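One structure, as structure tokens, below. Some questions next.
Going by the order they are written in, the chains are A, B and C; count residues from 1 in each one.
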Amino acid sequence: MTDQKQTIEDLKKVREQAPLIHNITNYVVMNSTANALISLGASPVMAHAVEEMEDMVGLASALVINIGTLSEKWIEAMHIAGKAAKKKGIPVILDPVGAGATAYRTNTSKSLIDEVKPDIIRGNGSEIMAIAQAGFTTKGVDSTASAESASEGAQELARLSGAVVSISGKTDHITDGRGITKIKNGHHLLGKVTGTGCASSAITAAFASVNNNLVDAACEAMIIMGTAGQMAGARADAPGTFYAHFLDALYQINGEQIKKYWQHDG
Amino acid sequence: MTDQKQTIEDLKKVREQAPLIHNITNYVVMNSTANALISLGASPVMAHAVEEMEDMVGLASALVINIGTLSEKWIEAMHIAGKAAKKKGIPVILDPVGAGATAYRTNTSKSLIDEVKPDIIRGNGSEIMAIAQAGFTTKGVDSTASAESASEGAQELARLSGAVVSISGKTDHITDGRGITKIKNGHHLLGKVTGTGCASSAITAAFASVNNNLVDAACEAMIIMGTAGQMAGARADAPGTFYAHFLDALYQINGEQIKKYWQHDG
Amino acid sequence: MTDQKQTIEDLKKVREQAPLIHNITNYVVMNSTANALISLGASPVMAHAVEEMEDMVGLASALVINIGTLSEKWIEAMHIAGKAAKKKGIPVILDPVGAGATAYRTNTSKSLIDEVKPDIIRGNGSEIMAIAQAGFTTKGVDSTASAESASEGAQELARLSGAVVSISGKTDHITDGRGITKIKNGHHLLGKVTGTGCASSAITAAFASVNNNLVDAACEAMIIMGTAGQMAGARADAPGTFYAHFLDALYQINGEQIKKYWQHDG
């Protein structure tokens, strides 16, 4: 169970250490992910050239692999970087964007899980279920897309892959295969801005770089995302201005806000 | 002639159906286009890998092909996706960004029109004239870049290509080759933010996915863009804050605003 | 020494001439760089296909080569465009993002300097020192990353490469190898938004397109960046809203603000 005090301490650690988070991520969210990490206090780098994957991983404290805008060269870089990160012993977070939408994405996700063995898989309900059904579950999972309905498949996926699985939704579900932790924080406008899921994955990487308990790290990241969303939602009621205030909130969030919104929903 | 009531109804349809708009678009505007579509109520996906083009088109309600940052692999994907979309019967919108600036862009636009046969071509006056002159007009067109001066070439282009042509400018001109509809809505700061033209194309795709009358769909999209721009212009007087308010306006726009700003200019 | 009156006049020239700035830049900052240039009054184009490099350079008033998200094809395009720009006689600005972080980036920077001979190299202290150490200095340079500590290496780099070197930091240092000009303008939140360094390089290109004195052009760009940051800092105290106000400030900045903030720091 995630602890309030620990969350506050780990946020402080992120800001003190400014961990370098290496992102191989999609074109759509590169800018917004970089800004979310900087606002939080971490240091982002985006790099995808196979020629520099090992060097860059060598500098990083965590690696994010996000398959949002795939192509062959990028998949190659993802495998190289992922293996280098595992060898180095830094956490690898996989965001299987669009798994289930196309066979290409489902298969790429599956192959990254099989070969890289990411430490945390963070996606929405549909993506997690698609991966679970692609070979990481022993029974069928419900095909509706809520975090709730995906949680059984997620536990199977966690057990068979060895990764912590983090499903974002109205309530977030985090599991290592032995029980579910639910995070209620969040705001509906987070779903009206592109890339907030991807930012969640990057922020999960930042917390995983300062907390070896990966269930806790994944939970803390979703608490921070959700709380910052709630702070922004108190200042703006539509997506454009909300997003500016969301970055402000990531920059300003502290123990007081974490306590104020602890396990609030909406 | 585009109808006020129809525009309001089609906006409601976009929000109810949340059509998936598949964008093969340029790096510069991927984030802002996705946010414009989400704010409006549609569902964006950006994907360009040839390996998943047919799968992704199979899920989509419309396809946007935008040539803003070209390269060979992307052109190949554009052709594959375009043909799959036409086969499936969903509308294809071509945004020939920078046609006329380089031969590569003009030729790519021409080849996409010849082989894919897009349903709507949306660009600025210079781009439309460049394409018209590249083989879709029987006479010379004026080389100045206003929407007015391009409208004759646009009508020829529409007749010879079979596409509805939508020229954005201070006054937008939409034609199927048999007369011009003019849309006066707009705001000068829309020209001071990158990607608002590209967002127009994506929003045109959203309306084309709910209204088979493609002239009407193209007009409705420009009305929504222009009206949202006017709403934002009432709240901000410089590009940075204007853009945040523009996304807010796309999220908030309703029948009342559409009526209030109907055929206003500036 | 950069002159206040000249800075104001050159800003006017940028707005009157709206020079086309061709950017081969990284995915993270394409949108924000385009918006910074538009807000300032220049015209951005982002293009990287080898097939259109010479055509696009042929239209441009300056070229920016930014290595932030490298890959082989892009490096090839950078060399082609760089050589075409030099042949045409327009200024070439190199932003060696991440030089020193990986050998790939350091070597690419070195090879671009050797073969293209950029007119201005703009980076932070670490990047400039990494390049200087990679063969453009006759003695070791201090390995700390401040602009101050890099300034000796920067002067050597300037003398050996023939480029003006512009180091951004709390105080910016600009040198042609024969003395240093320091610019104090700036705001700490500029370091909390991704891509402000890259925007500096693009704005340097805009000023270099209207002022042949490249030291002055580089200084003017940093004054405008810093002053706009200070204007934004007076309106916002966190990165998300700050960035919107920064773009507003680039749009609004005039002689009055330039005078008001002249050589202010913080």
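By our rule, a residue touches a chain if its C-beta (ideal position, glycine included) is under 8 Å from a C-beta of that chain, and two chains touch if they have at least 3 such contacts.
Fair warning: this is a prediction, and the values are worked out from it, not measured in the lab.
Novice: Taking contact as defined at the start, I'd like the list of chains shared as neighbours by subunit A and subunit B.
Specialist: C
Novice: Nearest 5 degrees, what's the C-alpha rotation angle taking subunit A to subunit C?
Specialist: The best-fit rotation has an angle of 120 degrees.
Novice: Just how far, in Å, is the C-alpha centre of subunit C from the one of subunit B?
Specialist: About 33 Å, centre to centre.
Novice: Of all the residues in subunit C, which ones touch at least 2 other chains?
Specialist: Residues 27, 31, 243-244 of subunit C touch two or more partner chains.
Novice: Which residues of subunit C touch subunit A once you look at their complex with the stated criterion?
Specialist: Result: residues 26-29, 31-32, 68-72, 98, 101-105, 192-195, 236, 238-241, 243-244 of subunit C touch subunit A.
Novice: Can you name the residues of subunit A that touch subunit C in the complex?
Specialist: Contact set of subunit A toward subunit C: 27, 30-31, 34-35, 38-39, 44-49, 51-52, 55-56, 59, 73, 243-249, 251-252.
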